[in-house]
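Both complexes below contain subunit A, partnered by subunit B and then by subunit C.
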Partner chain A sequence: MTEIERALAEKLLALADDELILAHRNSEWTGHAPILEEDIALANIAQDELGHAMLYYELHCALAGGTPDRLAFFREAADFRNVQLVELPKGDWAFTMLRQYLFDAYELALLAQLTHSAHRPLAEVAAKVRNEELYHYKHTGAWVRRLGLGTEESHCRMQTALNELWPYTAQLFTPGADEEVLVKAGITPPPAEVREAWAAKVLPWLEAANLSIPLAPTVTLRRAEHTPHLTRLLAEMQSVARSDPAAEW
Partner chain B sequence: MPEWTEALIWQALDEIKDPEIPVVSVVEMGIVRAVQVDGDRVTVTFTPTFSGCPALDVMREQIHSRLRALGIPNVEVRTVLHPPWTSDWITDAARAKLRAFGLAPPARHGGDVNVILLDQAPCPRCGSDDTTLRNRFGSTLCRTIYTCNVCHETFEQFKAL
Partner chain C sequence: MDTQWPRWEVFKQDDPQQPHRSIGTVHAPDAEMALLIARDVHVRRPDCASLWVARADCITALTAEEIAADPNWHIENIPPDAPMQLYLIFQKTSQRRAMTYVAHVGDVEARSPREALRLAMERFGTNKVFVWWAVPAGAITRSEAGVEASWFAPAREKKYKQQSEYGDVGGLRAKVRRNL
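The block that comes next holds the complex of A and B.
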């Protein structure tokens, strides 16, 4: 692999892992959501994100070898490249909806730029995924407003969720070790630009939901760093596949 | 050796129904993009609808087995993502079948993504435009749930994409 291919393979793994882990967290609500409609909606969102993870894993495997199943079920926590935002436990409904909203807004900001990627397969995936994401963004955005402007308790839960989640959003825009190589090659956008587009979406929306934006986070984490929550998530997610590694599905 | 014409292949593929919507074919849904015949080799170009749709593998497998049943020794189903599938490609004939099946067809949007999210679906049962969106997500990735305010039926719409 060339230097660019190595950097791109790492980036694709990060994109895929974010989607996979978030999909798993959301799937934990299946059968437990507050109302039936939302149970269905979140299961759909989780399934969409899983589909997107698959597309990114396939692009990764085209460059670096391997299969999506091996990557999902037979890696240890330290080998995952997802941000900590998506591995945190699902929390309450406000936490889940706000996390998904913040992530959806990031995805839309990123995908808008990735559709122009110099790596054609990535540009094609971005164009494919973008319209599906619009449904998520609209849905979770409505929940942020509904709870932010709802009762005293719903507002309080949303603000608490925002206070907890906000510091973790910085990692979405932290450049990877080889990010510069990809930006120079026109393959991925500069993270600072994505952040600006993201902030232009979420800041006015959160304010309109009567939520106070916490002070700007300064924590920068590498994508190889994880909380203990990821280990527990993987133990559950990977248990079936690992109980019979040779099984055919 | 038999001759397989493109027209024959298209006709065979038109018999393969969408597993989640058994009244329309993969051709009518715009999922099969091209057919190429090269001697005893046939290449079918396939494009996924919703990325996470679990029916995609079933459809690819059905295309394989339907064409092998015609006696074609080499069948390749090539998956492409570009241009991305859009519900605008669902034919008029398929839209009528969806309606008869009780599934409101998606609004045509001409690529304007904002139109996708307009919460409008005429009731497939009584035809009324007076309907209310109940849930942007439904029983499958490609469905949205509405209620008709006139005949009071709950119905699903194929999501615009």
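The block that comes next holds the complex of A and C.
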């Protein structure tokens, strides 16, 4: 692999791992959401994110070899490249909706630029993923507003969720080791620009939902660093596949 | 305080040439959420060009049996200053199981839902109509133009398997049958 290909493969893995881990966290609500309708809606969103993970894994595998299933089910926590934001336990409904909202806004800001990526296969995937994200953003944004402006309890839960999640959002925009190479080649946008577009979306929306924006985010760790939550998540997510590695699904 | 969310009737249009048809209900706190939820619950795979929602308690329904049992069903005291408003009229015209939809057939202007239904019967005829609905136009919330690509198009490409496609289930069935 060339230097650019190696950098791109790493970036694709990060994109895919974010989607996979978030999809799994959302899937934990299946059968437990506050009402049946939202149970179906969130399972739907989780399936969409899983589908997006698949698209990124396929692009990654085209460069670096391997298969999506091996990557999802037979890697250890230290080899995952997702941000810590998506591996945190699902919390309450406010936490889950706000995390999904913050992530959807990040995806939309990123995808708007990725649709012009110099790596054509990535530009095509981005255009496809973006359509579904527009809907996710609308759905989760509606929840953020309603809980933020709802009762004293719903507002309090939403503010608590924001206080917990906010520091972790910084990692979404922390440049990877080889980010420069990709930006120079016009394959991915500069993280600072994505961050600006993201902030322009979420700050007014959160303020309109009567939420106070916490101080500047601080978690700028590398994507190889994880909380212990990821190990527990993987233990459950990978258990069936690992119980019979030769099984065909 | 009533903490239950109201029920909303969902109307789906399969393609721009078809009428909007009632396909089920959702519970939601308000019209915007009802539309969002309706998209997930009722448009996961089939084709859709447009969605409407209306609070179930805004719908005036009348069956052919109710009309036959009470010839005076339409007699009511309408206040002289009652304003005219637009009502959307829906009919169910088949009892066959696969076609039990209540479909939009047209609109009438009237001063009350019952008057709207009476005028609708004059205009559209009553032959083979099993159920009538009148819904004030103002009670209907419609999916916005331009959301097609993000709300409805992705469902078309989603693959799903019929139960019979799962080899193990099919095999199990055959085994059970052999042992009967």
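The rule is short, and it goes like this: the second predicted complex is superposed on the first by the 249 of 249 C-alpha atoms of A that agree within 3 Å, B and C clash if a C-alpha of one lies under 4 Å from a C-alpha of the other, contacts with A are read in each partner's own complex, and residues count from 1 in each chain.
What we mean here is this: a contact is a pair of C-beta atoms (placed from the backbone, for glycine too) under 8 Å apart; a residue touches a chain by one contact, two chains touch by 3 or more.
This structure is a prediction, so every number in the text was calculated from the model and none was measured.
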item: When subunit B and subunit C are modelled together on subunit A, clash or fit; value: clash
item: Which superposed partner A:41 touches (first subunit B, second subunit C, both, neither); value: both
item: First (subunit B), second (subunit C), both or neither touched by A:244; value: neither
item: Touched partner set for A:125, first subunit B, second subunit C, both or neither; value: first
item: In the superposition, subunit B vs subunit C on subunit A residues touched; value: B
item: Subunit B versus subunit C as contact partner of A:135, first or second or both or neither; value: both
item: Contacts of A:146 with subunit B and subunit C, given as first, second, both or neither; value: second
item: Touching partner for A:50 - first (subunit B), second (subunit C), both, neither; value: first
item: Stretch of subunit C, among 73-81, 109-117, 145-153 or 163-171, that runs into subunit B once the two complexes are superposed; value: 145-153
item: Doubly contacted subunit A residues - partners subunit C and subunit B; value: 37, 40-41, 44, 48, 131-132, 134-135, 138-139
item: Of subunit B, residues touching subunit A in the complex; value: 48, 50-54, 81-85, 113, 116-117, 134-139, 141, 145, 159, 161
item: Subunit A to subunit B touching residues, read off their complex; value: 37, 40-41, 43-45, 47-52, 54-55, 121, 124-125, 127-132, 134-135, 138-139
item: Residue ranges of subunit C touching subunit A (in the complex, touch as defined); value: 5, 26-29, 32-33, 36-37, 39-41, 44, 147, 149-151, 153-154
item: Residues of subunit A touching subunit C in the complex; value: 35-38, 40-41, 44, 48, 131-135, 138-139, 142, 146
